[in-house]
Amino acid sequence: MTQRIRIGIVGGTGYTGVELLRLLSRHPNAQVVAVTSRSDAGTPVSAMFPSLRGIYDTLQFTHPDETPLQDCDLVFFATPNGIAMTQAPALLEKGVRVIDLSADYRIRDIAVWEQWYKLTHGSPKTVAQAVYGLPELNREAIRKAQLIANPGCYPTCVTLPLLPLLQSGSLKPNMPIIADCKSGVSGAGRKASVANLLTEAGDNFKAYGVGGHRHLPEIQQNINDIASGYASGLIFVPHLTPMIRGMHATIYVHTQNEVSLHEILAKHYSGSLFVDVLPEGVCPETRSVRASNQCRISVQKAPQQENMWIILSVIDNLVKGAAGQAVQNMNLMFGFEEDTGLAITPVLP
Amino acid sequence: MTQRIRIGIVGGTGYTGVELLRLLSRHPNAQVVAVTSRSDAGTPVSAMFPSLRGIYDTLQFTHPDETPLQDCDLVFFATPNGIAMTQAPALLEKGVRVIDLSADYRIRDIAVWEQWYKLTHGSPKTVAQAVYGLPELNREAIRKAQLIANPGCYPTCVTLPLLPLLQSGSLKPNMPIIADCKSGVSGAGRKASVANLLTEAGDNFKAYGVGGHRHLPEIQQNINDIASGYASGLIFVPHLTPMIRGMHATIYVHTQNEVSLHEILAKHYSGSLFVDVLPEGVCPETRSVRASNQCRISVQKAPQQENMWIILSVIDNLVKGAAGQAVQNMNLMFGFEEDTGLAITPVLP
Amino acid sequence: MTQRIRIGIVGGTGYTGVELLRLLSRHPNAQVVAVTSRSDAGTPVSAMFPSLRGIYDTLQFTHPDETPLQDCDLVFFATPNGIAMTQAPALLEKGVRVIDLSADYRIRDIAVWEQWYKLTHGSPKTVAQAVYGLPELNREAIRKAQLIANPGCYPTCVTLPLLPLLQSGSLKPNMPIIADCKSGVSGAGRKASVANLLTEAGDNFKAYGVGGHRHLPEIQQNINDIASGYASGLIFVPHLTPMIRGMHATIYVHTQNEVSLHEILAKHYSGSLFVDVLPEGVCPETRSVRASNQCRISVQKAPQQENMWIILSVIDNLVKGAAGQAVQNMNLMFGFEEDTGLAITPVLP
Amino acid sequence: MTQRIRIGIVGGTGYTGVELLRLLSRHPNAQVVAVTSRSDAGTPVSAMFPSLRGIYDTLQFTHPDETPLQDCDLVFFATPNGIAMTQAPALLEKGVRVIDLSADYRIRDIAVWEQWYKLTHGSPKTVAQAVYGLPELNREAIRKAQLIANPGCYPTCVTLPLLPLLQSGSLKPNMPIIADCKSGVSGAGRKASVANLLTEAGDNFKAYGVGGHRHLPEIQQNINDIASGYASGLIFVPHLTPMIRGMHATIYVHTQNEVSLHEILAKHYSGSLFVDVLPEGVCPETRSVRASNQCRISVQKAPQQENMWIILSVIDNLVKGAAGQAVQNMNLMFGFEEDTGLAITPVLP
């Protein structure tokens, strides 16, 4: 029988937590040995999430102070922002590997992070140690990392299509890159709120955070890491769409000259495990990736415009946008096949 | 008792038809005397739409060939494209006024129309006679019109906010105007289709018609009618969002210089019956106009960008985007108060 | 100009509150002069509910302690249970009329009420003074009432079809009456909760309160008020269905003998303003009453069974199930036409 | 490498077809070698269902007349009713095993079948050969079967909880068994229709088929196969609920005496792979089984009633109600572990 790595999850009662539990339940090389929750310690995991009955029958939430996470091989933080930054360093010191699904280690410029997240960073020196866990961008660094900053959902959905276009020098510098993004409601997390009630968010569509969303500096950092001269042109507008899972980015870019962005994307991602470039003219639907770790991308020339293109990119915000990407990073860190436990056929309809 | 004008509706079995019936049912100066349907002649209106039971109990669909529409004061065409263009001219000759909710008379350039609609126009000479029924743009002409081309939903949602910005010369010519638009599924009409099943369109988000949507030339014509030098920069991408009613446009524009688009919009629409400019920083929700004839608009400077602004505009696609605007046009044509029958409080939640 | 009665609303930030505001905004004989909210005092009503912009532009929430509700002709309590019972008596003493949309005055047996609502009743002597505001049951008493206990949504949806069947002696006593009921999520109110997030309640169906729901004793009291020997057979199971508005009751009854329940229902409700009995074989849809005060009822013999019938009943839980019925009661109390302000064509689609 | 059985699917363009493709894509012992479609021959499977891109890249729909299905080990019919009955016999003669997901072989009494399905049966003699594929009822017969009649979704959801109650003699004979059932819209299949548009079925709830649904005789046959004296009391009312997947049955039964149905159910299904009996007082949610082959059951005494109980049962109508159960049957027929390819963690949220 395969040796399984020992996994701890800090903050397992949210959507990224339960999604990690779903994905890891079918992973042959991993075993969840601890899930913490400050508020629900003592509750069996399958009592809170009946979908997990018969799968995690003995696992229950434990209080973070009483959970020996240092005995794990890997700890996922599926916590609100501001938790991992205080708890991860102690684990790292003991040699535990950490994948942080919150935003604590995503932004290298501490001042920028503190401005956007309205917090004083609790472990600024640790930030430099973190590898930004977008495998398509940083695969080799991830393999060797001890601490992964797992990307945000919007940054994943926007960066994946931009990556080959920026690397190839196809885009015109100092021009607007407009990312008009739409997210399902699960992106807002599993916490009591009026705004995300079915009665408020259902049969409704709206923009939010137009004046500035925290994923803006993260996308800008990604763009800058790939090529300079582009990040300042980014305009990012998120919208809430009445569905549970799924994220769609519509990105408007200016090209240098008459180049086929489709060819560049198709070539770059040919053979990619999790990024799929659609035939020209086919628009991706969010449901085509539901419950899976895929990103599907389409690109078209803007009709009647010179040198402007429209990029469409979809992910499941909870999988490639969160827990699935975290498992992909885990696979790389521990030398498993990159798609172990992630060979999931999307659920359609 | 008030004298009521006699109304005929051609093609009353679709969503714009039933929405006209809903709105006219509470209009003190109008009476629906005929509703035609080729396929459902003989069926009582309230048998097809039980929501109308007790309201239109004697009205039934009649065959178009056996309905004396020439006796009406006003005929609405709530038909697929290509019907009004063959039937309206005879009515117009008899002095009947016509409001066409289809696209047949919207585009003045016949060649452009035929290219986008893949039809030979059936009454090209009548096109010049039609007034484009966007009251905020053409109020005086509408009052005197015999034939109204009722605008499309996307053109209404996009043109209303652009109107004062173009008129005031605030936008920079020859720059992209990007209209990223999202529509509820009722925009696709009430016809059997796989793509719009709840099981296909539900919990799903996608773009469509990226390579060219028929509302593109209509929006371009509107822009050109207001100011020259802007229409060619239009990029229009429609998306389908899993809700029944509602439309949201997110529009990205370049300004000439440091001007407040909010001030221009707020001033222009101050006192407007149906266009409401929100306070700065407030994003409109589609449900805030549900079942009503309102358009709500918000505008914000793009963060960290010079001279770029983001405009948000919402309408109910079946009301201000179709039947409500048609009734508004009717009110103007017949000298009723412009909001007669349209003083509807939006249904929220 | 018509004299308008002066209306106060206590607790206007929930769904019954905003629905009262919607309905009263088009009522020619009523004017809302005060809306209280402990938590949102100082906020303009149209800032919390942008759907009301342009309609209630000067009205703002005021603190209950600083609002002279005694100057109103009528006060609606749109509050959680337990508020009206402490505040209504003082208003009643000053001669103000009161319609309580909460459950405080619905159950005449104080012990039963206290058992189900887990509260000590704050004004038990006032309970006897309250008239249960189901106009189809108590129209004459309502006209003369000073205090109305506005019925719950489930009791309205279940009692309306049972009323003529019980009155006519058609049902077999001491047999089960099974009310399998389904409600949209707005029935749970506008308060932060995990269970009613779009992500939890969306694309999901479940029963709740199977072991005992507070509307059970209310329905039993109604049944008993109409005929004795039936209430003890009631089985009531509510379910949550992923929609915003709407309620559907499926009721299984035993008849005495071969009688047509359809005839009894159709005859009883012939001429009714708000109860519509459908032709045999037509099933009502909740959307056929959306945003309106209608109840639509259908009845069919159970196939292959002797003397068992299936009744289907739909209402909009926020209108006939709450705010609309409250306005109907107001109309009766003040001598207005019973459907004043309630002649609303349902919104479909 | 494992030897894989060769699978053919007749009629692969519907929801049971694409669900079979999803489930079989992760089955280690099966390989889909042919999928037929009369209307879409020549189309790659992944062009119609982009969710299958990267998974079935070489498979395309082929015309049934040109597909050598006789070379398969097993053929699934995922067709409308009336197809399998004409095509299955020839395959059976060649020794191919067949699982029919349509209703053609479910009812042993041909006259009853013809009455409900309004068709003349095309292979009445083959019916006797078919094993009704509810493994929890007929496991041993299924192992040896050549032809499986895969159960309907409603019959599965209703029969599973009734099975141990009937077997144990706990229910009172000749009393009503009321099955009030609610289905997501995918139960209606993937075919163009007005009634199942998002705009018609969304935010709406209704009963249908009250006068008689085809699954009624199937449930009656199941009941009769388990115990006599009960089938005639069945009342079955299906409802449509605005969700994509999921089915919920609420069943009202009379017991012989004071017996705990919970104990009987829990004991019977202890150790069951796919039937999970919840703790008392916990109501099952349809999403707790989404995309999985589980059935979850809960049971409660009706409050204040003697000897009446309420049973709640949920399945995913496309999995345990169709394709998943078909794969379970396949596993039994070919001697694989019963849950091979079906160890799926439900997708929540």
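Chains: A, B, C and D, in written order; residue numbering restarts at 1 for each.
Assume a contact is a pair of C-beta atoms (placed from the backbone, for glycine too) under 8 Å apart; a residue touches a chain by one contact, two chains touch by 3 or more.
It should be emphasised that the depicted structure is a prediction, and the values quoted were computed from it without experimental measurement.
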Message: Hopping along touching chains only, can you work out the least number of steps from subunit B to subunit D?
response: 1
For subunit A and subunit B, chains touching each: C, D
- prompt: Count the touching C-beta pairs: is B-C or C-D ahead?
  reply: C-D
Query: Between subunit A and subunit C, what is the gap in Å from one C-alpha centre to the other?
result: 45
- prompt: Between subunit B and subunit C, what's the gap in Å when you average each chain's C-alpha atoms?
  reply: 36
Geometric centre distance via CA averages, subunit D-subunit C, whole Å: 39
Message: For subunit A, give me the residues that contact two or more of the other chains.
response: 15, 184, 186, 190, 199-200, 202-203, 242-245, 284-285, 287, 290, 349
Field: Touch-based graph of the chains, sorted into line, ring, star, complete or other
entry: complete
Field: Of subunit C, residues touching subunit D in the complex
entry: 176, 178, 180, 182, 184, 199-200, 202-208, 210-212, 216, 232-233, 235, 237, 239, 241-246, 248, 250, 252, 281, 283-287, 290, 300, 302-305, 308, 310, 312, 314, 349
Task: Would you mind writing out the residues of subunit C in touch with subunit B in their complex?
output: 15, 18, 21-22, 25-26, 49-55, 186, 190, 202-203, 244-245, 276, 278, 282, 284-285, 287-292, 294, 296, 318, 343-349
Task: Mind listing the subunit C positions that touch subunit A in their complex?
output: 15, 184-186, 188, 190-194, 196-203, 242-244
